[in-house]
């Protein structure tokens, strides 16, 4: 059964569930506090492309209100092949992120797929992202949990909230409470067009907040995979009460090395930040 | 294939698709204009319960900014049985709606399931709702289309956007352009709790608006089936750019004859209307 | 909640549920008995195309072991448009079915979409099919139930077993126990190719047989929508214990007026019948 | 887009796709040949519980026609907690499997979750199972591929055929062609009861066989999670043309340490093998 009953919660999710006192977790990424009282914007390119690129973007998104820099050094794909324009910088990418955060004083979140890069990522980043496909890679979750680093746990596109909270429970069970959930789209038989493989499940935000004390944010870029939907979905994620967003921003979206269909420009991001300020204020959340 | 390609649109949805000039439809329900420039709130009880009830609610929701009164005289259920507390007023209910709209000067939307009540509904209501289960009841769509009445076409919980626009195409093909789409939740293997059978697909709003010139609104009450989620989903529906909402409001929600789990009180509705005013202004839509 | 619990069954599906004595229903279509002890093959074209066509096919499928002739006089489609090669014969088609059954002495099943053709269909057919899209068209179910005719109730592609049994309950509640369930594919986010919009849910066969006393058959043609899958799925439907199949057979499948992608030839049908004889014998079911 | 188009295949799945010559892969697990011409039964307990248990079961399933012994030493669960009756024997379990295969001369398939047990599993087993949750754990796939061992690649319950074949492509791309696909149920909004979380997608068998040269088998135990459905689904898997099954067999199913709801007894297994012999012969496949 997919549904989460009260008894099921008590039995299976004792650490992740809200307690009677409704004490909600604040996850700190350096000085940034992600919680039920804040709306945290994490922005940057899908993939780190060069040192100059990530330094430029770090400065531009920070200036517009992003509190955390995102950027992938590793990019898992459905198939093993990479087009000529696509590249992963891997360890080099991690080092560039490290440079960018030093220069701009902005903490970094980036994905870890392979345990062998754990030490390196701990040197270069401030929050470790577990990607959708590894949500239930329990050995990976356990090792990452033990570092004590804050963890951004993306939801698998084929998993229920119950499965997802179960994965978070593994992390807390291994002694690390610094978990932020991130919705990034679910597979559906009701998708809309060729370019949208998933639909974003915004309703999971109040559903998760009712069951768990962990913060939850939304990725409007990878859930919709369509630039035109990113801004409206980001506004809706804020209006529904999520604790932040993780968003692809790129100086020249159509030239982005990875996922050129969903990144937005600095200008669009700036306008979006203005909207998000108004909406987050409306629902009582601090945006910076 | 579920996805809507350009050629598919051209071949199958010539009337419903946006044309090159991006002329969007304005559907008029009496004096109320539902369009890409407005955010229209339709509110009222799930079911008409008595003459005094519907008159009271009509006044209260109008006072708080609703422009259309909703209320069901017919309530299809999955099973043929009705609990003691549940009742359908059927033709009597239609007459009560008629009274309420006369007294308060607010237009009425209500559901038609059975063609034999078509004349009666045309006497008593201003907009005819086609329920989720009848979305592809093509003989019903054709007969209703021919009345020229504005039609609120709810999406079936198991249908794609392509299926839904196909149903709208039947209505336009029968000479009636006054169609408003209404998202009311889709079945998903990713649902969250026992009491939420569906998840709301908010992403369908920008997806439909990109493909079609028809207005689209969201029903946050029946899509979530959980009072706690109604307000956040309604705010998100506005923030994502929908052209309105259809919402259950009841003086005493837990005593509502039908769907007591999702109605909100007048007070909660009032606070919601205040939020919606701010958000709709933010995105350039007139709320009244 | 989609799942069917014991209490839910008792409350909502008293007529459709198996009772303690495990008495299973036998539905009679003329002399043909559809039950837990038989495997009934219903075969014919997707659409009736001409008098000579339906007479030929009736003879050919009967000769190879089909006990019921299928053929559509009405064909609902997602969109209102028909290609030049597609046509519905409507009342004329019903009359041709009537001729074919008289000549070959084989009972006929055909779909009713619109209540206004009810009398006509009762004159020309022996079993009334409720199509997928009308599974929850309750006024239609009630009127059809009252005729006392055996009913073939197709599952909506977006509905759970619980929804489906609920629709059957409406028929029994209106005094007609002669219901045969027909699985015809469900929408899924896991579909396989452009030409397969649905996947067939064969597991619903033992699931329905455990909960209900009604017979259940499978449509391998419309669930897969791909000729290459029809024969394997038909064999699997038999092996899993279904009480029959409803299958598209056409003398020249690629020229079929409707659904040319899924019909099989007389020769392929003959080989399939031979396989089905062996499998049905293996699991203790009489095939003719 | 989920659907697999011809161009998509050519671009993304060059190694996994069928070529023009329709040469199908035969995967050898010791002397057992898994291919389009055979129907291979892999049977055993869900979890290895003791040395004597696995030795007994190995002998009993071999005697009844199983050609490969299954048994889990590692059992991933949705939550980190284990009931008292549940245990994983981990490395000890691998050693017991090693003993059982030596005594009975039957090859062993078992799951690897954590790369650190790779050497140990290579000593004790003949085929490495990648579990559903790790289907897209690409670092794991790459390491396992490099061993050259035959790999049983289970489908993730939330993934399409395209995603699944993409995971297989990673293995072939790393130089290992010995891949057998295993369907084990997909999440669906159409599930039937509390105890069935998934539905088995049998249609994926002909779909995969049309696109790929790799063998594909079905797990009727974990896909249905309900003993009563296992035998019918196993028969259907054979009748639809799958290249084998992976099935839970236990001397005392209700006492099984893991998944007591889906194991079948030796007697039921014996009767099933008799049915499978007849069906596999019917469709031209060698069962042993």
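The letters A, B, C and D name the chains in turn, as written, and every chain counts its residues from 1.
Here is the rule we use: contacts are C-beta pairs under 8 Å (C-beta built on N, C-alpha and C of every residue); 3 or more make two chains touch, one makes a residue touch a chain.
Just so it is clear, the structure is predicted and the values come from calculations on it, not from any experiment.
Any chain bridging chain B and chain D, meaning touching each of them, is among A, C; the list is complete. Seen from the Cα centre of chain A, the chain whose own Cα centre is farthest off is C.
Centre-to-centre separation between chain A and chain B, using Cα means, comes to 33 Å.
Each of residues 1-3, 158-160, 187-191, 194 in chain D touches at least two other chains.
For chain B in complex with chain A, the residues that touch the partner chain are 2-5, 158-161, 186, 188-194, 196, 199-208, 210-211, 223-224, 228-229, 232-233, 235-241, 275, 278-279, 282-283. Residues 1, 3, 158, 187-191 of chain C are the ones touching chain A in the complex.
The part of chain B that touches chain C in the complex is made up of residues 1-2, 11-13, 76, 78-81, 113-116, 133-134, 136-140, 156-160, 162-163, 166, 169-170, 173, 187, 191, 194-195, 197.
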